[in-house]
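Right, one structure below, let's go through it.
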């Protein structure tokens, strides 16, 4: 329990000037390792960073990006960014050595599972990003790791969408679907055979809306506890502007502050 | 005479995507060599380029920069840029390999001297930039070079302002003043001893306003023909917006189109 | 082949792209960069009855994604235009439209009447919205009665397409547009510049010689788009949209909001070839989205 | 030591920097980034008599150097504010000012009267200029009679500093400011957002759920600065300037134009620490330029 309270205490937000120290480029995405000169605040799995895009006149506001990995020892974080429009294109084009101004950690992460839980982490497209660090926090939690281990179910349109699989395999078992069958089982994540074979009592999902809605549907049908991470458009990222609201059973809630992770029971879909 | 007509014909303006192929950095300035994939239009000494500053949200408009040198064989131009505010800082920080979108050649250059002229090219601060290429065009003109050669009188606040002197020495004799006496004669360009010793009948000047006004005053006193290159703020650079006007004896004239070079007889100062 | 022709009363544009007055000179300045025959029209620099020197330098200030200007209608007067410029530009393979300004109604009328006589000018754009001149200019454009008076008076002497250019510096632009329509305008164009100001904190002085100036460029697009939408819902005559248009996508947005055609202003300074690119880009958008006729886009906003 | 204190009627700011309503939450959201005690004041989120859910998502669109929002005054109502939020924030070592909105005059009056009773709230800012609510809101702010009515009515029940926030969506903002002054305002703040719109050319739909929204951020600065200058020349009460302020230099420009204090809005989203930096930067400017008291800068524009 101590770690819980500790966490609440240390989720202090900070504005940090990071330097890109490593970079790996993919088809239309990039993995950036950012190093801070100062100590990192403690970060929970599922929290995000709000990144300023310098030198892009099409990106006035910051861009919210999930925290993909954290190394407290070296004071680095990893961001896995997919090119969407100008802002993310600019971020993906940044060279090693570039400076990146980041506000973090923001939002509430995923709820930590209990020892006996059978958990499944479902990621679609770039939604796989937060699941890696969340899996790590589960395994490194003060309490012993969930007994059955971490299972990832990752979906993409094609093989190209599924990056960094080795990283995921280091943290647990990886199951895959692709729409075109170029890797893993063909179809959507919700069509994977593991749904029939594995015992699951907690789902954590992040990905495109249709995928999360499909997962939520499966969870409801099967009566499985389920958290999803939403990606509403944000302006401030810290709960000040009320732009990013999701209409929930409790009314309009800020995704940046009350989320991005929500239990599907709170949502209207 | 043929070259004259030829020139009129080829001063076609173009928008060219250059690549920075060489760069030399100074205290608060940089020399950029830009290469074009297509053939350069013909350029006269004293004409300028209008440079787009990509990735700088403080520079919506282009930045006018004199053409410092041209190599038609390699399709390169040189720009000598001094850091002023955000726009020029960004330009000076560009690395080799960066793309630069440039409209050129703009404006009217300096009037070519006649064979028997004793000419003096006076540059102050970054105003030395256009004089190099102008000197080269004089020497390479179809007609024989002016008989007494090209003389440069270059002034700076300190030694640091006087860059690339070797380039100038290649094209003619170089005389120097600095305000602090760190190089050449101490004082302003108008105080240099050559004014008393050299025969001069044509002056070409470019530099800060106070310096050009001082040179114009000397020229008027001595009855010497004199052209100056003005640096009014510009929006379009091609004579369309009427923002850059200088109030002359003929009324408001666009510096970008009727200038930047004006004979002092046309000016009100 | 996408159909791009836009038919306005007495004015046929080969495509919806025109260039905005004061930002495209007389077209000649851009001939090295754009094939003028690929444009729907060129609206030339503001022309007044008499020669005007305009305002003193400095006339320009850069702002975040925009600029302020206080040029103040520098031009050599309508007679000079007719004698010297018109002969040079009348045979362009595009519509040459003259932007007409004045300090009082008589001046507007006299200038418009002279241009009415020019065979190769199918339209004028009445500038009742210039914020940079002390008399007249914007004053006419900010009240219904002002705009009615000047439009009516010009309508009597001008027999071709009469476009009235509206000021955005008003509480209710739809009302102003309705007044122009009632007074006989064939179309309204909007927006002219938003009145703004810049100060140099170091010298503590205004940057512009006139203290205030007109704001234009990408920064004003959201305001312009909203006004085009409001006006096009209110009036029956066609609306010409402008304000910050810098790409084909921007242009499409204005068409969807209700503009029958658009104008490109400040963006010409950033990319002198932009007007031609926008014209091409609109066609590409139509091809990609299966739009056969650009007119289908006009007012096509899905609510 | 540069003197930075600004004295307004019944409201003393330790320095001219406040944060704008709707962009700074209740201050708490920024406490990790800014030492709130280094600010002149915090203007909290728009508060209405009754709970409001605000407008549907999407509420935001990015624009060139700016953003549109149509949040629509989501808040839990004045009673919730008094019971739950006020106790948490009343002891901040800075002025906590409440931004009050309503759909009709009675609501404004009722909410203002309740806040009048709060010891630690020295002022309210009357929001008669919100473009994102159907009833009331901006409607009051765009006519002299509207602003007069609501200001007078609130003035009767509110006894501390009454700041009235003006809409920029008007033809003559000086006139509107004079009406607020005549009706008893202790100060006017301007500008609220400019009404704008964004369209998604791909889907052909408006980006915002309410079609139009309020434009803010760096892009509006030239318009805001002009209006502050016009209003400060017209009224005798102090003017609070805002609109696009993103740096200490921007803030100085507003002071020179005539603002006695300034507010920082959208810039808080870009740099959550900006308000503190601007407060420090103003002092640095004064030191550099030999200004002993910030009040010397107010209206110090050299013409």
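Chains: A, B, C and D, in written order; residue numbering restarts at 1 for each.
In the analysis below, a residue touches a chain if its C-beta (ideal position, glycine included) is under 8 Å from a C-beta of that chain, and two chains touch if they have at least 3 such contacts.
The structure presented is a predicted model; accordingly, all values stated were derived computationally and were not measured.
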item	value
Chain grouping by contact, computed as though chain D were missing	one piece
Most remote chain, CA-based centroid, reference being chain A	B
Rounded Å distance between chain A and chain D, as computed from the means of their C-alpha atoms	36
Chain centre separation in whole Å, for chain C relative to chain A (CA means)	48
Chain A-chain B separation of Cα centroids, rounded to whole Å	55
Where chain A touches two or more other chains, by residue	57, 60
Residues of chain C whose C-beta touches two or more other chains	63-66, 218
Chain-level touch network, classified as line, ring, star, complete or other	ring
Chains touching one another, given as label pairs in label order	A-B, A-D, B-C, C-D
Partner chain C, residues of chain D touching it in the complex	61, 63-66, 68, 142-143, 169-171, 194-199, 201, 203-206, 211-212, 215, 218-223, 225-226, 229, 244, 249, 252-253, 256-257, 285, 300-303
Contacting residues of chain B [partner chain A, same complex]	54-57, 60, 90
Chain C - residues contacting chain B, complex	22-25, 29-30, 32-33, 45, 53-54, 56-60, 62-67, 69, 71, 74, 217-218, 266, 268-273
Footprint of chain D on chain A - complex, ascending	12-15, 52, 57-62, 103, 232-247, 251-252, 257
